[in-house]
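First comes the structure, then the notes that go with it.
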Amino acid sequence: MAAGCTTEGLADALRAAARVISEHRDELIRLDRAIGDGDHGENMNRGFTAMVSKLDTSEPASPAAVLKLAASTLISTVGGAAGPLYGTAFLRAAAAVGDAAELDPPLLAKALQAALEGVVARGKAAVGDKTMVDALTPAVAAAESVAVTGGDVASVLAAAAEAAEQGAESTVPLVARKGRASYLGERSAGHLDPGARSTALLLRTFAGSAR
Amino acid sequence: MAAGCTTEGLADALRAAARVISEHRDELIRLDRAIGDGDHGENMNRGFTAMVSKLDTSEPASPAAVLKLAASTLISTVGGAAGPLYGTAFLRAAAAVGDAAELDPPLLAKALQAALEGVVARGKAAVGDKTMVDALTPAVAAAESVAVTGGDVASVLAAAAEAAEQGAESTVPLVARKGRASYLGERSAGHLDPGARSTALLLRTFAGSAR
Amino acid sequence: MKKIINDPATVVADALRGMAAAHPDLLDVQYDPAVVVRADAPVSRKVAVISGGGSGHEPLHGGFVGRGMLDAACPGAVFTSPTPDQVRAAIARTDGGAGALLIVKNYTGDVLNFETAAELAAVDGVEVRSVVIDDDVAVKDSLYTAGRRGVGGTVLLEKIVGAAAERGVDLDGCEALARKVIGQVRSMGLALSACTVPHAGEPSFTLADDEMELGIGIHGEPGRQRVPVGPASELVPALLDPIVEDLPFAEGDRVLLFTNGMGGTPLIELYLAHGIAERLLAERGIVVERRLVGPYITSLEMQGMSLTLLKLDDELIDLWDAPVHTPALRWGL
Amino acid sequence: MKKIINDPATVVADALRGMAAAHPDLLDVQYDPAVVVRADAPVSRKVAVISGGGSGHEPLHGGFVGRGMLDAACPGAVFTSPTPDQVRAAIARTDGGAGALLIVKNYTGDVLNFETAAELAAVDGVEVRSVVIDDDVAVKDSLYTAGRRGVGGTVLLEKIVGAAAERGVDLDGCEALARKVIGQVRSMGLALSACTVPHAGEPSFTLADDEMELGIGIHGEPGRQRVPVGPASELVPALLDPIVEDLPFAEGDRVLLFTNGMGGTPLIELYLAHGIAERLLAERGIVVERRLVGPYITSLEMQGMSLTLLKLDDELIDLWDAPVHTPALRWGL
């Protein structure tokens, strides 16, 4: 979001995210192989690659349109648990931003909040269940407190990324209660949750784009 | 054949052979795994174990009866190539000894010759094809020449065993032209033929029994 | 990783092309989105029975498309649930005016994607019901898990509901029947080796020569416990006892026993295990009236097996015996 | 060695017990000597079609016993041809007064043991004929080998001759038909991994991660050549080209394409390979009219595949399509 949270800024942030996901594909596969089925990196990479093609061929006219394009591409290409969850997150964010031409810090925080609500509505996970919710929940809280105290878009996203990274790390000792890792019971402890890791990666990329 | 080539001596020799085959079961499997299908030691061991049970429960009344019992047990329990080949060998030997109560050196040599003819009649292998024929052929020749020059049973068998061992060793560089090893073409060279090895083991045991 | 494939990214589409070539009389395969449809779809006034899930479990689900079983299957990427558009396309392609029943294995991804598809199909004007199968007794169904997984029971469910739909049973009837089957089918599995997902390139776990995973699912994941391998006489009851005790199955019950291979275990071992399971059930006075033995719901080349027990009554026996003609299951036709 | 077995020495008998339990309606299993017989044998005035060989190739041969295919199968120890008494017992049990046809795969052990059995059966007063199948193009049929091996073509031969016998074709007719099929069927296989014979306890060979064996038989032995593994687009023609060029199969020929798994290769890879083979044949103008895809003649848990091509005419198509009801192959019944 070199150009801020404009239509173009959002599209650039998603392109950057696609590059980061592709760089971290193998890491996400490795994390998911340990406590899941080893496809998270491949799924996310497939989805974000498809998203970049769509961004290249269509011209979404508003921030909401960019977010909707992201949502529908992820839903129709990722599959697995992550597809509908990230898809819903982007869909709810799109609804939250309405027809704004640019997201200011409060609207950005609201969009992040809506994304989290979407993930929870679909996946029914709470903090501590060892999922992406463990990264997204503290990220939303941090974004809000920076936005409320007058921080700019860059600092809102930086705070969100920082909190998401800590939230992701916090999943390591947890015993999973949602998703595939929950089948492992106690054996899921001692591993980083792949979805929490991808959430942290996305937010860190968005923060980098906004600087 | 502590008691010579009598009915009892032959039965004892076969019991000793069963022990030797069982001790060498894994070696024969290993040899067969290299250029065949890895079952020769198991097949022979199954057959000789069954033969000992039959010797224990029936009382064959003549050398020919002992050899027939050996033949029919091997035919009905070994399977594979070795079952019919060794079975035929013992069957032809039984026919050759007729109703003799004890095998003198010429009759012993004749029995070995008949055994070889049986193997060749069934399997159509010639010397140099990398089969048991490479062990049995020189063994028969050696037995005959010792018998002709007045050697006793023990020296006939010792000569046969010695020649069989050399014959078995001679299979190492050969490219197989019969049996499973022939499918390997050039890759069969450099390995000892398992059937030649078992023939040498049997003759060495018979020689030991006769001492 | 040694596999007979070209590119990990195109494995599913490449295999679908081979399936289409192998069964031109039975299947109509679409590629974008990927759906395997029975050749004579839509069948007018018949409930469309649709399932799907990640690929790598073949013959499940595409191998069960055909007369008397599934109308369509939606193959996701390997071990990845399909996307809603695949399911939506399957519904659109097979809707004969009597609605569609979605058979969903209980995994978060499958449940979410089929849920979205059902919402979309409702918008398209098709009446859609979903049932979720969760027959794996290795997982406790509690607040602390995503619930039990759908495993071997899925094959039996698809056969029985498919037979009912073929006979003209309506959507309510098919749904009720599906819930009945789900209520009385239980499974459990074990792995002697891991499998390698093509895009991952490495085995999902590594086992020592004397170890196995007990209580596995069908996605190459480790099981509930890593335990020493024993002889078949111990392995079979390690699967069967928890199954029998879970429902529970009791003396006098009539059952279908399904001995399933995970993909890399040869039939000789499956039959051997099946024989033991039959004897153990006989000892408990449980009467095996039907059986299925073979690799029907697999995890790529994983070595291992699962057992499934379905409680039977005359209705279910009749539906099990009904004619079926699919690539992987065929009788009476 | 990790296997679902009890004792290597009893694997075959233990598996037969499971097979008998799994198919009570189809099979009658005898244990000493071991013979798998179709439940309604002997069928009066029908030629008895009998085959057999070492175990470890399941479903071959026991899985092909039943109406429209084999009357009996003689399972030897793992990878070891059966003994003459097994074959003699099979003949005695299935002789319906029209004689017996023995289908023998060309291995020294099989040929010798079936030969002895045929001699014994003649003494028993049954007219017996034998045919030897040798369809493996990987082995040159010359003075320097035991001749070509019998591999995948065996499955097709048993189906087609079984159908003819079921229709009442006499012994001469069945024998002539078998020779015709043998004359126009060719196969070749490859292995990506070895298998472990239970009594041996160790794999029959070891391959590096980038190696495969080309031109294998079905007994876990190494192939004619050890070569680098390539993508499926190279593996499939490496099998298909030698097959096509051997008979040769020519433009316009009508064929049955059989894509067989060696036991440890999952169906997704077999379908993928099958799709490639169909495309390559189409490019040559060879018309695939029938196909079979799956693990039908295996080497325990070996990973790998084989391709078999049978030249068809109306007679063979009609016999292939004829009803069959066995544990492993079933249609029309």
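First chain written, first letter: the chains are A, B, C and D, and each begins at residue 1.
To be clear about the criterion, a contact is a pair of C-beta atoms (placed from the backbone, for glycine too) under 8 Å apart; a residue touches a chain by one contact, two chains touch by 3 or more.
For clarity, every value in this text was computed on a predicted model and none was experimentally measured.
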Practice problem: Starting at chain A, figure out the least number of steps needed to reach chain D through touching chains. | Solution: 2
Exercise. Just list the two chains that share the greatest number of C-beta contact pairs.
Key: C-D
Quiz item: Roughly how many whole angstrom separate the Cα centroids of chain A and chain B?
Solution: 76
Practice problem: Take the average of all CA coordinates in chain A, do the same for chain C, and state the distance between these two points in whole angstrom. | Solution: 32
Quiz prompt | Inter-centroid spacing, chain C versus chain B (mean Cα positions, whole Å) | solution = 54
Quiz item: Residue numbers in chain D touching 2 or more other chains?
Solution: 78
Quiz prompt | Overlap residues in chain B, where contacts from two or more other chains coincide | solution = none
Quiz item: Among the chains present, which pairs are found to touch?
Solution: A-C, B-D, C-D
Quiz item: Contact residues on chain C for chain D in the complex?
Solution: 1-7, 11-12, 14-22, 55-56, 58-59, 63, 78, 192-193, 209-210, 212, 229, 231-233, 235, 259, 263-276, 278-279, 288, 291, 293, 295, 298, 300-301, 303, 305, 330-333
Quiz item: What part of chain C is in contact with chain A in the complex they form?
Solution: 33, 54, 76-85, 107-109, 112-113, 115-116, 138-139, 143-146, 149, 197, 199-200, 202, 204-205, 217, 219-222, 224
Quiz item: Which part of chain A faces chain C closely enough to touch in the complex?
Solution: 29, 33, 36-39, 42-43, 46, 75-85, 122-123, 175, 177-180, 182-185, 187
